[in-house]
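Inspection log for the structure reproduced underneath, given as structure tokens.
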Amino acid sequence: MSDIIAIATANLLSPVILCFVLGLGAALARSDLSVPEAAAKAMSIYLLFAIGFKGGTSVAAHGIEARLAATILAGVILSFGLPFIAFGLLRVMTRLGRTDAAAVAAHYGSISIVTFVAATAVLEARGIAAEGYMVAVAAAMEAPAILAALWIVSRGRQGEDRAAGTDAGLLREIMLNGSIVLLVGSFVIGLITGAPGLARIESFIVSPFQGVLCLFLLDMGLVAGRGLRGRSGLLSGGLIAFGMLMPLIGAAAGLAAGLLIGLSAGGLALLMVLGASASYIAVPAAMRVALPEANPSIYLTLSLGVTFPFNLTLGIPVYVALAERLGGV
Amino acid sequence: MQTHKAKRVEIVIEAPLEGRLTEALMRAGVTGFTILPVLGGSGRSGQWSREGQVGRSGMVAVICLIRPERLDNLLDAAFGVVERHIGVVSVTDCEVLRAERF
Amino acid sequence: MQTHKAKRVEIVIEAPLEGRLTEALMRAGVTGFTILPVLGGSGRSGQWSREGQVGRSGMVAVICLIRPERLDNLLDAAFGVVERHIGVVSVTDCEVLRAERF
Amino acid sequence: MQTHKAKRVEIVIEAPLEGRLTEALMRAGVTGFTILPVLGGSGRSGQWSREGQVGRSGMVAVICLIRPERLDNLLDAAFGVVERHIGVVSVTDCEVLRAERF
Amino acid sequence: MSDIIAIATANLLSPVILCFVLGLGAALARSDLSVPEAAAKAMSIYLLFAIGFKGGTSVAAHGIEARLAATILAGVILSFGLPFIAFGLLRVMTRLGRTDAAAVAAHYGSISIVTFVAATAVLEARGIAAEGYMVAVAAAMEAPAILAALWIVSRGRQGEDRAAGTDAGLLREIMLNGSIVLLVGSFVIGLITGAPGLARIESFIVSPFQGVLCLFLLDMGLVAGRGLRGRSGLLSGGLIAFGMLMPLIGAAAGLAAGLLIGLSAGGLALLMVLGASASYIAVPAAMRVALPEANPSIYLTLSLGVTFPFNLTLGIPVYVALAERLGGV
Amino acid sequence: MSDIIAIATANLLSPVILCFVLGLGAALARSDLSVPEAAAKAMSIYLLFAIGFKGGTSVAAHGIEARLAATILAGVILSFGLPFIAFGLLRVMTRLGRTDAAAVAAHYGSISIVTFVAATAVLEARGIAAEGYMVAVAAAMEAPAILAALWIVSRGRQGEDRAAGTDAGLLREIMLNGSIVLLVGSFVIGLITGAPGLARIESFIVSPFQGVLCLFLLDMGLVAGRGLRGRSGLLSGGLIAFGMLMPLIGAAAGLAAGLLIGLSAGGLALLMVLGASASYIAVPAAMRVALPEANPSIYLTLSLGVTFPFNLTLGIPVYVALAERLGGV
């Protein structure tokens, strides 16, 4: 317990989290503080490129293990499976209709790369190493959840509507989603160029990383706050409860899978984070195309306004502490 | 200067649908369109603003100048895409230069 | 395809006034609007361009589709805000799909 | 509220020509205009998108509200610039507040 | 004298100033060189965050002194008082009407954070330390000047118009202005996280700082140049004279206050800079809302085209030299 | 030969090139990955500023040699002369009309600054120094090619149309083109501030340079790929052949000139790169104004989709290897 509290306070008092809190507060107070959309997007490109590349170089250093495939497979299964649990819970805990519930469920099977990045920062701060290929796992977990949700919906639908879910271009869009491509691409680049490659761009992707993450989370806080300000009315008690319970279930599933595979403490923590985190970029866009009837305000507010802050502040420390206890070395 | 009757169709639609809309318009024989960025707005599904967005969300405005006789095709095509989504479609009478382009 | 008569009001106004204008529009019973960014322009108060700006300055264009009978309310509301500021207001006849939205 | 007849001219033109167009408009006695950014579009010269651009390329939309009697001057001026370039010009009838500004 | 010249030349030949000159020249020559608005905004966010955070950590290191409160109070008084002097001068030196004069006056009571940042860079280059809480003072000085100006105007007005000045939302907008929130917020974050926090993001907010400042001032030069190109006609001799006299008065007032409080040489210089500098972001936006009849071209051109370059090139060296002579240690 | 292969492989496996390949692949696969326009422009400003400044400081260190003037003169002659060769080749190798051919020719006389930057990165990686003033040469080579092309066209034209080519504002626009101004300006700033100036912003313009170049080339790859995807149909075999032959001719011309002047190996390589590279920013914009009848898709696709990748992947290694053999020290 004590170590959880230690990690939690260290985490809560880190510049990264405080920047998120600042953004959240500023938005709730209706300040006009805002980060230009282009700057936010540029920062996310930087973060994706940096963690992808670093992951690749670390795999290049330690060599590709058998566990890589196993972990990616586990990730895919988690991503496809968790939406069913989420959907069930939502039907029980909330009054959401089938379509809205399925749309929300998709978000929880998929992952939040920013939460993942924040977790790697915490691990670094505690000097815990993690398998470099976890970024590949993260990429692999983005899409399957969407298919699960579409499947859930189509089961409850008639002909012409079922068509909607399975839009020709959609699958390609999901798989070639910008963040997946960038993450996998930079991972491969890191894998190919290895240590010498890293040496050439280290002072760009390593040293400023934490600082960029601070400003990026400042913006995430602003966005989350604006969403909560406008739409918090939508969040019933049941939904909020779900938004904090589901991450714990996802983390538990990740923990179980990770222990089975025998991941290191760091890898274990990251797989828990991937299970626990909910998407708010790739999945919402896909949902607008595939399930337009689902109300975007519900899943965006829940994922960005409840689950993201929950994982960022309380979740990650818990996952890391558990992983340190139970994880291998 | 010589001008010609035409219709100006303005479609405000969600960004993720942009590609599908323009493809539908081309299939409907539309010869051209212009896409404008949208900063924010408000409607039945509530108020939103660019700043409040992450990723590919938000909306765009698609402007389409066409010959009057082509209007119905266009509206059918547009409606097919907009139908199940949020967004609005408006049509205005206008005059264009260089009608040969439309 | 079935369309319905409506008015398209376009208001070009200074960015710092945007919030006040949209609030006034909502109070006047406007059901929706779309805000477009503006790169620059020229008028009685001279020429300006986005690039020449610092901070929250510049202008935005607010587009509002409404039922004809609501026009006067809207113009009164808009005028109340624009009156003492730079900017322009124009109104065009148009047709809209899905009138139930307006 | 008291409004006045006017024309709304919308010119979609290549960004590198923007300066030349606005200068021509001013010479033609246009009292004001508003420039909107364009994300992309399609026409006889093919489809394009902001993202596919490097440097000062792309297009802009110039909107000009004028008194009806000034229309021909404006169109001549605009056409002089647009003529040899890609782009479109459309004209719509509209009503404006504060006619003294135009 | 000699040291003033030494500092002035060192300052004028620094990359930072030369970048400003480059931008100014490019704009006056009608080059199409331009910095994207989003990039400029992102840089200003970076600069505000960096100085706020550094200020906070330095206060965390030296502890909160009694002088902090005194200096903030002095700042507020300066910000509220200077507009009255400026207004008087303008009515004497220029033909500006009451409203225009009041609008201009508001800018000179408030502050230019970029001028402040440039001054900290000069102090750093000379190895002079300053009180970390000066950034808090800067934040405190942004708003009061606006209220002073509105009060000046309302005194000369009839009923319905007086209402205009005191718009419901305006006060909140002014106090929660993005730059104030970011400056104060990052200051507090620095205060909380202290040295360990700084260590984590130092390579982001310290090392690249001067370079970012260069590109930011390049853009400031471009903006100032564009303004001058279009509107220099508006500047009567009297206005230009005011644009260079007022900063000296503001600096003198800052000097007096700083000596009373007993600030260090660095703190003294910065308080002079705050007194001398004129706002061109927060105040213009507020003036558009509160005093729309005031001609924005006048106050923008004067503040950005005359006073900003004056302080940047000649003012800062003078203020620093004087502060070094008269300031404590 | 062996060293060419060595350099080529080293180059092809560098993060910089792999990022370009990633972007190219993502665009061809129709991924929605994209870098915000503002971010791309900001990065190009950073790159121009950094190489200009570094060039200036290195000249400040080594002193201005007589060869500077000679090399700039050579650059101007190359830029003005190469379009005539290109035009002749195009008329022979392709079916392009006079205007289209002239427009394309202008691009090959002018230069691609990104190719230049990529080459400097390769030289750095191999520890080869180059004359700092080569950036000034690069700036000097941007415009003359445009005049050559306009002259070629006007010779084949009647009265009123000839007027078009020689638009009043155009010449100023070309000479005061943003990238020229920034390159020359930062070069001069570097020249003035020298080593001490560099010391102040080194950690901004030196250490992150390679990393920024990676992300910038990622975007270049995306843009090039989008262009190829849409317009590759326009490229006849003859055009593609020209797009790879012309760079070699330009490089040969640069080599000859460089040997005459007696440049160092590094300077020689860069002059070859300048001769070989084709513009896709300054020239296209000028062509839209001066030669609107010329089809932009042709010259953009050829310059950005064929010649740029060719130089980046194969050209640069060849030029560097040859320069190392033949260049002085």
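Per-chain numbering from 1; labels A, B, C, D, E and F assigned in written order.
Convention: contacts are C-beta pairs under 8 Å (C-beta built on N, C-alpha and C of every residue); 3 or more make two chains touch, one makes a residue touch a chain.
Please read all numbers here as calculations on a predicted model, not as lab measurements.
Peer 1: Work out which chains are contact partners of both chain C and chain E.
Peer 2: none
Peer 1: Select the chain at the greatest separation from chain B, using centres from the mean of Cα atoms.
Peer 2: Result for the farthest chain: E.
Peer 1: Could you see whether B-C or A-F has the larger number of C-beta contact pairs?
Peer 2: A-F
Peer 1: Counting only C-alpha atoms to place each centre, which chain is farthest from chain A?
Peer 2: Centre of mass proxy via C-alpha means gives D as farthest from chain A.
Peer 1: Between chain D and chain F, what is the gap in Å from one C-alpha centre to the other?
Peer 2: 34
Peer 1: Taking the mean of the CA coordinates per chain, how far is chain A from chain D in Å?
Peer 2: 45
Peer 1: Any idea how many Å lie between the Cα centroids of chain E and chain F?
Peer 2: Chain E and chain F have C-alpha centres separated by 41 Å.
Peer 1: Using the touch rule from the top of the page, what residues of chain A touch 2 or more other chains?
Peer 2: Counting only residues that touch two or more other chains, chain A contributes 32, 34, 36-39, 42, 207-208.
Peer 1: Tell me, which residues of chain C touch at least two other chains?
Peer 2: 36-37, 47, 49, 56, 92-93
Peer 1: For this entry, which pairs of chains touch?
Peer 2: Going through each pair of chains, those in contact are A-B, A-E, A-F, B-C, B-D, C-D, C-E, D-F, E-F.
Peer 1: If you look only at chain A, which of its residues touch chain E in the complex?
Peer 2: Against chain E, the touching part of chain A is residues 13-15, 18-19, 22, 25-26, 29-39, 42, 125, 207-212, 214-215, 218.
Peer 1: Provide the residue numbers of chain F that touch chain E in the complex, in ascending order.
Peer 2: Interface residues on chain F, with respect to chain E: 36-39, 41-42, 45-46, 49, 53, 172-173, 176-179, 181-182, 185-186, 188-189, 192-193, 197, 200-201, 203-205, 207-208.
Peer 1: Show me the residue ranges of chain C that touch chain B in the complex, using the header's touch definition.
Peer 2: 1, 3, 6, 8, 22, 26, 31-37, 60, 65, 92-98, 101
Peer 1: Which residues of chain D touch chain B in the complex?
Peer 2: 10, 12, 36-44, 47, 49, 59, 61, 72, 75-76, 78-79, 82, 88-93
Peer 1: Chain D touches which residues of chain F in the complex?
Peer 2: 34, 37, 40, 164, 169, 220, 222-223, 226-227, 230-231, 280-282, 284-286, 288-289, 292-293, 295-297, 304
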